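Before we start, here is the structure in question, set down as structure tokens.
Think of it as A, B, C and D in the order they're written, each chain with its own count starting at 1.
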């Protein structure tokens, strides 16, 4: 059959039916078993009803994108069957509970599993029907039940043994039902035979990254899909002593985060589209005050409220130029959880080292998507306290100047109250002391220090883009941020027949220097260069042209609020190749 | 001596000493006499004290910039003498009141005029000392007094005849004093022998433009230097029935302006740096709702509060990319009051025609600078009511769809309450009816209509940049917005010895099509191309490169909060030429 | 207008059992009884569950940004003060993100009816604390509990001398309808804080919780006494009064703008010609 | 700390005669008498004339954005609740642009002292109406007069159950000093609205205008009765009470956050190592 095992499961239903739970448990299960898992979510902006789905791919080789076609569809409602039956793989199977979807389907590709009935009979409550569904999926795949039992134990610890046992009984019954009834099931599941994998999404990775960077203050205002980072940090706030504060609005968020930073700790805020727009004045304040702050922006389709629970890469240029006036910043856009962890740490480091705002851009797709790793490298994480906290004696302290020119681009940032140093920050143009000035000469010097002296130093810190391919590729597929995984899977599959390479930017601004790796040469010498973006206007391509003069030969842009899927992206890349 | 007459007068003193009045009256006087006048202002962010100056150039030929050197310096305080004496032209004269500056100066270039004493003796009150100063300046120039009397009459009408007469007496005494005492005065003032000129600054021109475009609603929150437009419109609000409302903050401004636009009238808001930053979410809302609105941004040096009363062109890229998500906009940056009037009218027209936000960018320098014109052309102004206001009968009206696809890019915008048409606007992605949707297909169609269908239509409306020079220039000096006048004066003077041309963009985004005028060819074929910008990073040059790939050979950037002055810009251009 | 059914809009995407359903139906009935046809009024809203309402009730609609319903409502009224404007908002939308606009809309006394669907929670974004969430409630974004005192919109509004201040309860349709009708016909800014159960995320302030506490102010209550109204407003919440708590008869903002005396701005014509004379003022 | 003169900062850029001068001097004296040295407290401000104050008084300074003084003040307190934080703000800064933060800072009861230099006008931007400008006053940006009712910060704050609400008068230094000292030592959010003559732009509320109206609340006044305080706050302004109008003894926000019990956040150390175990939770 296949070279390697690679199955996709889609769980569909209404908001509130618990499909996230089913998906989440299955994903965790497969990753514990040692499979590679990739999942993504598609949900509407409502709390109950509508149509949502959770899509999960698991394999014995690395996977980093979703496919359109599914091998198993778990349909919690009729709509799921109607909408997704076309997306069933050959020999794929749709499982459903005829009684609860109020219709039955016959044929090779359907398997009616009475989830509700199994739940009531074994667990005593319809509420466990999702457990029956999970069991049934395992049964269809002929996988072992032991790990599921473990997971049920952990997840339901707080609910007590009775509930745990009922769920286990229900799961087993669902499992057995599928073993017995799914005669047409022909899935060939190879055993990974390895240790379990981690399962993590990029919101968690960014949250984890901030905790591991010594972030002590997070404030924000709820906004999908940015809230997940706040939720994650909130869940660890007590343990790691982090103040997590929900503000009255996003203007307060950025200004409060800056106040916290001034107070002497690492601080962070985050939002999405419109909420971030409200922060732009504060971004400029960070620029002027030279105050470190890390800002996460989880993009969603705009303009305005747009499609609040969907995905897009539409805010890159807005972030790059956000805030009035001119000041340096760094902008990172992780393409997977691993990069999310690493770049969040790097953002905190650079923000404090250079006293600038640092941005982490994600989007709904990458924020929610789960990946597996054997482990995550923490050796590349750094923690340096760049603040001036030592004591010097009264006289020296009273000579302290917040914006002293004497140390070059970066003037030491003291902590108020920590010594006799007075820390004076001003949003007006100011002198070395931090007091407002109006003269042209001081203004020019401050701009030079703040902007021109820092920029080259910051640029030196930016690492080469990710490159995968030969030395002289014919075709280069380029992307940034969330498209990392999908481009990788697409290029890997195309590389069997084409001299094709992948170029991916996660450290976006400043653009990496050519010294590290001459991506401009690679691009210029290729025949076909495609910039893949989940936006309408090709914002990264615009940035590349503005910064380097380089213009891609092709662009692939989606702007329908949905992520790229493997089959269609591969198809579109092929079209570009054929068109030439 | 000179080819043509060209004098500069600088009036300096503390905030609150009335130097704006002196300057304003002199500027008005010279323009009434038929001279060409150019003035600009330099003031601190304080209400009393400090050091401010008002600089005025008048000539019998057109002038459109300020020079560094002055022929007459009216010093209302000691600081003015200290700071500006180096800037005195050969044979120039500094007038001052030794008693009030509490020091005296002797020598050819000083003229002590006892302003206070003259005022007390002739007007009975020190308050009129500025009138004495005005009279003295006229005397020094050996100009006639009649027009000044007229102006005193008009300006002080409300104060009554007694005050008027006292002021006239004082002016005459100052005049006579200068005639008698300024033996060293050698100014050769040619008589313009023409009708009087208009005197207008660009804030007034933008305000006038909005009134002449049928703007019925202006709201804003005070912020220097944007408040001048609001003040101007406010002064005419009663007469032209315009609601002028000061909002609680800038977020309210943009949203209230959009509500007014929805209500069926032309509406406008404006701000500067930080205030505009707060509007960016609302800009995105205008984009999504397809609601016309005109936004003026009077730039000042950032980041943050920066130098609140000074000048910079630092917000171009921020405006171009302001607001999350992707939607069309037009951005204009007038280079003088004439363009201010015309482009404001055009902004209102295009905003309503294409249902988009339209921007007018100025800066403190151009906002305050006064120019003279024989007259302003109003034949190029348009007023078309693009709203759907007619009645159609109930059935047709109930079929009305706000975002109907049937008319192509621009769906007719009806006025709520005006008919049975229901006007439904949504900040979420929506269907033709304006109701929120989530499906990918409708999203894509709406993006296509809103963005891709409109863009080429809008681009067709953008006129060629201003070009002055031969067919094959060696050197092209390029600028945008407020540098129009200074570049013109510099290039005119350099064109005597160089094959030099000027290229100026006031219709900035979308960039003009090459069809109208192939500026890219001109640039590419020139040997030296210089982009002059009053910012640190060269934002227009960045835009040009992003949009066209073209990179200027040289950049001249100032970022000290001060405008370019003729001598120094000419010098810097010369340096670029010599460097090559 | 013929029938109540003429107001039928899109299918609501609210959770079954949500307190927004009775509010929607009550509002429809109030409009119907007031004889206001769909095209004769406008509903402005922000973002949140309550803010979706105008999609579910056929009308002129400005469904704008989260927290920003009052500014466009004000803009709308200023250009067309013959158009009744109703704002539907949530406790987060109105008291959180939009707090500043509330203060100043009250100060202006713009003639707008503001209905706050106060479910004491952020519904649409999945259960974070709102300004009216009871102190101490723990959520994912309030890991230390909601540490700020819950906002009392009634005492706040009375503190600002709001022209009309009322409280209603979603499940008390008949009484709520009478409040809404009075609010709409009141000349001046009218705030109606409507207690609204959120069956999904607010497990504290449930239907039964409200039922035990809510009572009607009766005829003997005089809503014109500001100090007494304040006293009532700050009483401990074991019993929650509903009805019109405070009102006054100030002039509206629209009435105080001289140029609006004759006709709404949107009906005042414009001709470029009449403005040409302005050029002369610059000579 | 040795001398009052140690607080001397930059030369003020205020107009001669401005009411900000006595406020500045009074604040210095209050700090001096409280024994707070320059490095031991922080002044946070926004933008406006009042907001320039920290440049004129040697101290840790965060002079941020217009309207946005309270959020950084809150952030500062949350990471270092041993640092006294004073906010100097204007009526536009605090009640206009910053209105929403005021509401929520009061709700949080963050232990910050807020001094509003209330000159009933926008000074720095040259004389536009502020939220406290008397109704009807005409300015360049209020061509139809200030049409909104002037904001009453005292009744607003009492409406929000603010922990400490006082009014002072700039020219009444000794009494003002006692109020400011109480405000600084009060545990909880303290609002002091300070009537401040603006000699340049406010020609209505002048020194003599205030002098005729301002009086001291005497010892018999009980500031703990919220309803009575409200009554006092809404009395017609022919006589203006100064002093502490309302206070209560709620827990501060900082006190309610468990992880701040032991030491300020800024003093709690960090080591990357202790966090490594979090990776395990993802298996």
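Worth pointing out:
Operating definition for what follows: a residue touches a chain if its C-beta (ideal position, glycine included) is under 8 Å from a C-beta of that chain, and two chains touch if they have at least 3 such contacts.
All of these numbers come straight from a predicted model, not from anything done at the bench.
When the interfaces A-C and A-D are ranked by C-beta pairs in contact, the top one is A-D.
Per-chain Cα centroids separate chain A from chain B by 44 Å. Spacing of chain B relative to chain D, judged by their CA centroids, is 37 angstrom.
Chain A and chain D have CA centres that are 41 Å apart.
Counting partners per residue, chain C has 47, 64-65, 96-97, 99-100, 103-104, 131, 144, 257-259 as the residues that reach two or more other chains. Among all residues of chain B, those that touch two or more other chains are 44-45, 50, 237-238, 248-249, 251, 274, 281, 285, 289, 304-305, 426-428. Taken pairwise by the contact criterion, the protein chains are fully connected, each one touching every other. By the touch criterion given at the top, residues 16, 44-50, 220-224, 227, 230-231, 234-235, 237-238, 244, 246, 248-249, 274, 304-305 of chain B touch chain D in their complex. Chain C makes touch with chain D in their complex at residues 95-100, 103-104, 107-109, 131, 144-145, 147-152, 155-161, 226-227, 230-231, 234, 250, 253, 256-259. Of all residues in chain C, only 9-10, 38-40, 42, 44, 47, 52, 54-55, 58-65, 68, 70-76, 78-80, 82-83, 100-101, 103-104, 257-260, 265-266, 268, 270-272, 274-276, 278-279, 282-283 touch chain B in the complex they form. Taken together, the chain C residues at the contact with chain A in this complex read 13-16, 47, 49, 64-67, 96-97, 99, 122-126, 128-129, 131, 140-144, 200-201. Note for the complex: chain A touches chain B at residues 44-45, 50, 251, 273-274, 276-278, 280-281, 284-285, 287-289, 299, 301-308, 310, 312, 314-315, 317-318, 320-327, 426-429, 438, 440-441, 443-444, 447, 451-452, 535-537, 542-543, 545-546, 549, 551, 559-562.
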